[in-house]
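Look for chain A in each of the two complexes below; its partner is chain B in the first and chain C in the second.
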Partner chain A sequence: MFDKVLVANRGEIAVRILRTLREMGVAGVAVHSDVDSRALHVLSADEAVLLGEADPASSYLNVERIVQAALDTGAQAIHPGYGFLSENADFAARVEEAGLTFIGPPADVIARLGDKLTARRLLADAGVAVVPGMEVAARDLADLARAADAVGYPVLIKASSGGGGKGMRVVSSPEELTDAATAASSEASGAFGDGTIYLERYLDRPRHVEVQVLADSHGNLVHLFERECSIQRRHQKIIEETPSPALTPELRAAMGEAALVVARAAGYVNAGTVEFLLSPDGEFFFLEVNTRIQVEHPITEVTLGLDLVRHQVEIAAGGVLGLRQEELVPRGHAIECRIYAEDPAAGFLPSPGKVILCRPASGPGVRFDSGIYSGVDIPVSYDPILGKLIVWAEDRPAAMARMIRALRANVVLGVHTATELMLDILASAPFAEGETHTRFVEDHFGAWAPSEEGDLAAAVGYVSADLLGLGSEPAALGDEGGGWPSPWQTLGRWTLGS
Partner chain B sequence: MPVLRSSVDPNSDEYKANFDHMAGLVERLREELTKAREDRSDRARARNAELGKLTVSERLDRVLDRNAPFLEIAPLAAWNMYDGRIHGAGSRAGIGVIQGREVLVSANDPMIKGGTIYPMGVKKTLRCQTIVMENRLPAVTLVDSGGAYLPMQSEIFPDIDDGGRVFYNQAIISKMNIPQITAVMGLCTAGGAYIPAMSDHVVHVKGTGAIFLGGPPLVKAATGEEVTAEELGGARLHCAESGVSDYFAEDDAMACDIIREIVANLPPQRKAEVARRAPVDPLYDPKEIWGVVPRSLSTPYDIREVMARLVDGSELLEFKRMYGPTLVCGWAHIHGYQVGILGNNGVLFSESALKATHFIQLCDRQGIPLVFLQNISGYIIGREYERAGITKDGHKMVAAVATATVPKLTVMCGQSFGAGNYGMCGRAYSPRFLWTWPNAQIGVMGAEEAAKVLITVKNDQLAREGQPPLPPEMEELIRGPVREAGEKEGNAYYSTANLWDDGIIDPAKTRDVLGLALSAALNAPLDQRDQGHATFRM
Partner chain C sequence: MRYHLTSGHRALTVEATPPDEQLTTTVTVYSGGAEQGAQERHPEHLLERTIRLEAWTPEGIGVREGAKVSELLVARSAEGLWVWCDGRARLVRDSGTAPLSSGPHGAPGDVTPPMPAVVQEICVALGDHVEQGARLVVLSAMKMETTLVAPRPGRVVAVNVEAGDRVAPGDMLVEIQPQEAGEPLGGENG
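Presenting the complex of A and B:
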């Protein structure tokens, strides 16, 4: 086992990984940008290394600085978390080249699965159903038009190296194709530096169901059942649950088996997620493989009683996976709500600022994975996720009721969040009936707006905080003269002899 | 602000030779610091572990915030003195952060002669108390000491700067409303009993911590009563019965945690307001100082090359650039804090002294902390200069330095000879902090000059007696020991052993050290300066 591991990420996922490392008796090294020097992941680590300025290219995407930080601190492995460099094959290769272990799949597996078209071809060959569509990138518009005619409208244009909804366009008729393709390609080019696009048949109101897999380097492989992530806003998942209300035991077994076929075909090692689209009539199509720990991994953890990060670390250290497929039986129902700093009254734009008060919900079956604490600043430079509220209960109705209680009790003041929208979704009839699909929010909450009176409890909280002076920091924390930090805050661990 | 442009070529042979030379000095410094921290006898280590105590390093780690700097004070005090193993004069002390609050922590090291107090230990304690008073830093003391080192008691007991002064200062510090928090983690005997007693908060560790005016051996000798240390002055007695201690701790770790709670409950500290900017790194890597500073102290170099590697953005607004050019003065920022910085570019002339006087007055009035970079062979001498009144111009500079009330920080960057040491804010001029580079030399004058003076004086005496002057081999008999003493007593380690400074530092760390010290210094309010007259243009 490793003595020391560097976590190349920030926010809640870095904190979550560091917690497991602490439990394993493995020292954890945090890395951070200058605006994150008092972030929770830095305070949770045994050591922290400043990477550079706030912009991700100087910090969390700075491959050389991160590798150097690992070498300097004597870390033997790097956990990439999710986002940032987690699915960057060049990074994984660079880490191994430096004599360190990358906690994730081998670089060539990431590269193969990272290109969606390559992945589609690979898995079509392995006999896994993929959404009907192009198997090579579009060379020109005529190419695209021919393909659209072949699979039949409506079609979905996608970016070859995309994700997060960028470069995606639904086209319902041939007349719209030219404009949509141009827009999608330029958006993809801006977001990923690669304007390559392709198209596939657009499935109307499919469900997004994914299967977690875990594979060691000795050929042992299990799937850890599904997560339903259909509740999305602008292609961004906001509420996830397991088990999926749509799966029959037969379908569950079939999708699990398909995920294993995918993982086997790709030569997969470590934790990964195979995403499928499930059509309303029960057909499922392979979508893509996420070669990293997922944001929503805790719902799998709580229904199976596992620590996925611990398994990731053990597998990376060459350990043998002790899990047997036939012994894995999920229990109860879990739901996760993602808490972002976003303003529902301003079109869900990111809402950075200072968290005045953070008091996580607690009680039976409640878990809050977060990267915040009272008084911390949420920088503008990164994904505005604050944390994830996860509940577990014996069945779906109990889990919904528990999530509603927990969301109400979960206090995050100082930044806007979409808690109210999630409460309304959880209390709605379509959600209760399990009619979750990827257009759920547009169909049922397209006209949703935050209530006009706002959150009265929060208002009382703000007034009390102001009266008690909780928002103002003591000057000794370095706020003297313009709010710039003192070197006591920015230098990190430092001595005359170091 | 104008940006300093370096003319040093990092590819030149000269630079590389300088760099390697300084790298060697810094490597040795690291070795000395490691030795001071870790050189303990196996017996002492075993005894400490047997008693269930944490080591001093572990106590400091536990009580201070993680991931924050620790600016150690005088880690090499008493270096090579006594038996050569009274590292750090028997204690570790420094400025660190507890619950976000800058504090001064000092801790006896019971693994060095049972934590007994040597003369230099008293001097270090008094120095720490001065830092506490001047900068209004809460004082956290971890006491674990067998009391005075009795064979040397005459040197540490009665004088104004001896042991008694420690308790006097504690009363004054308390009167100044500066918090004092003490943990009793070992013996506090006789005078040592007053360290907790004079504190605001006393944490007492069960089993190992004991406070009494007379220990069990003395009690037995005086009254015949047989009593254990725990019965005589243990945590339960003092927390439950005598009221000498305030907080009961099961062990060292718990005591450290309680201290953190106490600090968290202190009233918020308002720091002095000074001009701040967003901190930015210098354009040139501070480590290049290693290659900038010549190997020989007598080789002149442009102090601006050092400044360019210390200040934010390498920006310096120079004051009177064309006047008195042997002293560089200017405004700059370090870690975002505005400073007035002075550095030597040669011997001090009347013009340079007047320029310094003017500049120091301006900084003092504007509440701008002063940074002195000393590389000074002294004030100019000779008939022409005496006639022009160099002494009265030197007086102005020395008086301005002495009376300035803004925080002053001094770094010994090379030579520090004669009155130059005073004018450039040497130890006697109460800089808030003073550090020494490992290449620095200090003395009334250079060893060669001192030898020449002595030979001249001897020859004059011989001439008065009608004798011939000394032959060359006799001159060498005088020169040799003077040169030897100059080198021994003038070097950085002798300086730091005697607490003439707060520590030897790696020149590449000067910027961070200054930034930390500036922040610490601002815990004390700045005096509002109304001198009752205008600033005089000198």
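Presenting the complex of A and C:
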């Protein structure tokens, strides 16, 4: 086992990884940019190394600085988290070349699966159903048009090196094809340095269901069942749950088996996720493999009683996976709500700023994985995720009730979040009936607005704070905390005066 | 006491009776802000509650209404007071101190970011003539790109930022002199 591991990430995932390292007796090294020197992940580490300026290219994407930080601190391995360099095959190769261990799959596996077209061909050859579409990149517009006619409109144009919804366009008729292709290619070119595009059939209102896999370097491989991730906005997940309300035992077994086929065909090692689209009539198609720990991994952890990060580290250290497929039985139901700094009343525009007050929910079956505390700044340079609220309960209705209870108590003030929208989603009939699909938010909550009731309650809150002297301006101590007048200093105002 | 507030995007007028020794007050909320003379025109109130207030912590308020009890959490920021009530968060502004017209989005026509951001690209140069809707500045915040466009046709008379600058709502990134009807387009530099 390693003595020391560097975590090449920030925010909630870095905190989460560092917690496991500490439990394993492995020293944790944090890296950070200048704006993150007081970030929670730095406070959660045994050692911290400044990488550079806020701009990700100078800090969390700075391969040479990160490798050097690991060498300088004597770390033997690097955990990349998710995002940033986690699915960068060149980074994984560079880490190994420096004599360090990359906690993730081998570089060549990342490269093979990272290119969507290569992955499609690989898996079609292995007998896994892929969404009908092109098997090679489009050479020109005529090529695209022929393929679109063959699979039938509507079609989805995708970037071969894409992700996060970039370089993606839905095209419903031949007239729109040229504009959409040009825009998608230029967006992909800007975002990934590769404008290669292809197209596949657009599935209307599919579910997004993914299967977690774990593989060691000795040929042992298990799947850890599914996560339903259909509730999305801007092509990004916000609410996930497991088990999926859409799967029959037969479908669950078939998808688990397909995920194992995918992992075997790719020579997979470490934790990975095989994503599928599930059509309303129960057909499933391979979408892609995420070669890293996923944001939503905790719902799998709590239903199986596992620590996925611990398994990642043990596998990377050459350990033997002790799990047997037939012994893995998920228990109960888990839901995750992602808490982003974003304003759902303004098109989910990011809402950077300072978290002035954070008081996480707690109680039975509640876990809050976060990278925030009261007073922390949320920089503009990074992903707006603040944390993830995860609940576990014995069945789905109990988990929904528990999530509603937890969201109501999970106080985050100072930046906008979608907490109220997620409360409304969890309380809605379509969610209760499990009718989740990737356009759920647009279809059912497209015209959502914060409630009038909430506005009135907050106005009463403002007045209450003012009457108690809590709403007064912070004392002149600057904005770095300490600005709160004690109620014991200010409370006398009314009791004495009236 | 009377308050003119903006809670979320809603203008509200709130009246509160002076609290008694038990810190009990009756709070009445009306629709509309100060400028409309709201409660005269809309005498129907939206909400009336007689509540007893208790300061529990520096940020927590216990609210008792008969035997019912609830909790409010508050946090002061430069823009106003954040209030948390049972999973709903609102930024409440006192319209007296922060008039609506100078909210974070600036006056209509100002080229200012809707949120703190980093300038990715400046698409115009000093002296350029721009049409309404022309791309002026590309911003990036939290991995999301936003393009600010010309609110009206005119001439670029100031470019106050460079690529890489951090900017915030209220900062004037580019200033455009509106083009008057009949005014020739060419400036002194053509």
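Throughout what follows, the second predicted complex is superposed on the first by the 451 of 498 C-alpha atoms of A that agree within 3 Å, B and C clash if a C-alpha of one lies under 4 Å from a C-alpha of the other, contacts with A are read in each partner's own complex, and residues count from 1 in each chain.
We adopt the following convention: a contact is a pair of C-beta atoms (placed from the backbone, for glycine too) under 8 Å apart; a residue touches a chain by one contact, two chains touch by 3 or more.
Please read all numbers here as calculations on a predicted model, not as lab measurements.
A.B. asks: Mind telling me which of the two, chain B or chain C, contacts the most residues of chain A?
C.D. replies: So, of the two partners, C touches more residues of chain A.
A.B. asks: Touch check for A:D140: first (chain B), second (chain C), both, or neither?
C.D. replies: Touch status of A:D140: no partner.
A.B. asks: Could you say whether A:D281 touches chain B, chain C, both of them, or neither, answering first, second, both or neither?
C.D. replies: neither
A.B. asks: If you stack the two complexes on chain A, which partner ends up touching A:E250: first (chain B), second (chain C), both, or neither?
C.D. replies: Neither partner.
A.B. asks: Mind working out whether A:L43 is in touch with chain B, chain C, both or neither, as first, second, both or neither?
C.D. replies: first
A.B. asks: Figure out whether A:A345 sits in contact with chain B (first) or chain C (second), or with both, or with neither.
C.D. replies: Once the two structures are laid over each other on A, A:A345 reaches chain C alone.
A.B. asks: So which bits of chain A does chain B touch that chain C touches too?
C.D. replies: In the superposed arrangement, which is not itself an observed complex, chain A uses residues 474, 484, 486-487, 491, 494-495 for both chain B and chain C.
A.B. asks: For chain C, which residues are in contact with chain A within the complex?
C.D. replies: Of all residues in chain C, those touching chain A are 1, 3, 5, 7-10, 12, 14, 16, 18-21, 23, 25, 27, 29, 46-47, 49, 51, 53, 55, 58-59, 61, 63, 72-78, 81-92, 94, 114-118, 140-144, 146, 164, 166.
A.B. asks: Show me the residue ranges of chain B that touch chain A in the complex, using the header's touch definition.
C.D. replies: 29-30, 33-34, 37, 66-72, 75, 97, 100-102, 268-279, 335-337, 503, 505-506, 509, 512-513, 515-516, 519-520, 522-523
A.B. asks: List the residues on chain A that touch chain B in their complex, please.
C.D. replies: Residues in contact with chain B: 42-43, 45-48, 474-478, 480-482, 484-497.
A.B. asks: Within their complex, state which residues of chain A touch chain C.
C.D. replies: Within the complex, chain A contacts chain C at residues 55, 164, 341, 345-346, 349-354, 356-357, 359, 380-384, 407-414, 416-417, 419-420, 423, 450-474, 479, 483-484, 486-487, 491, 494-495, 498.
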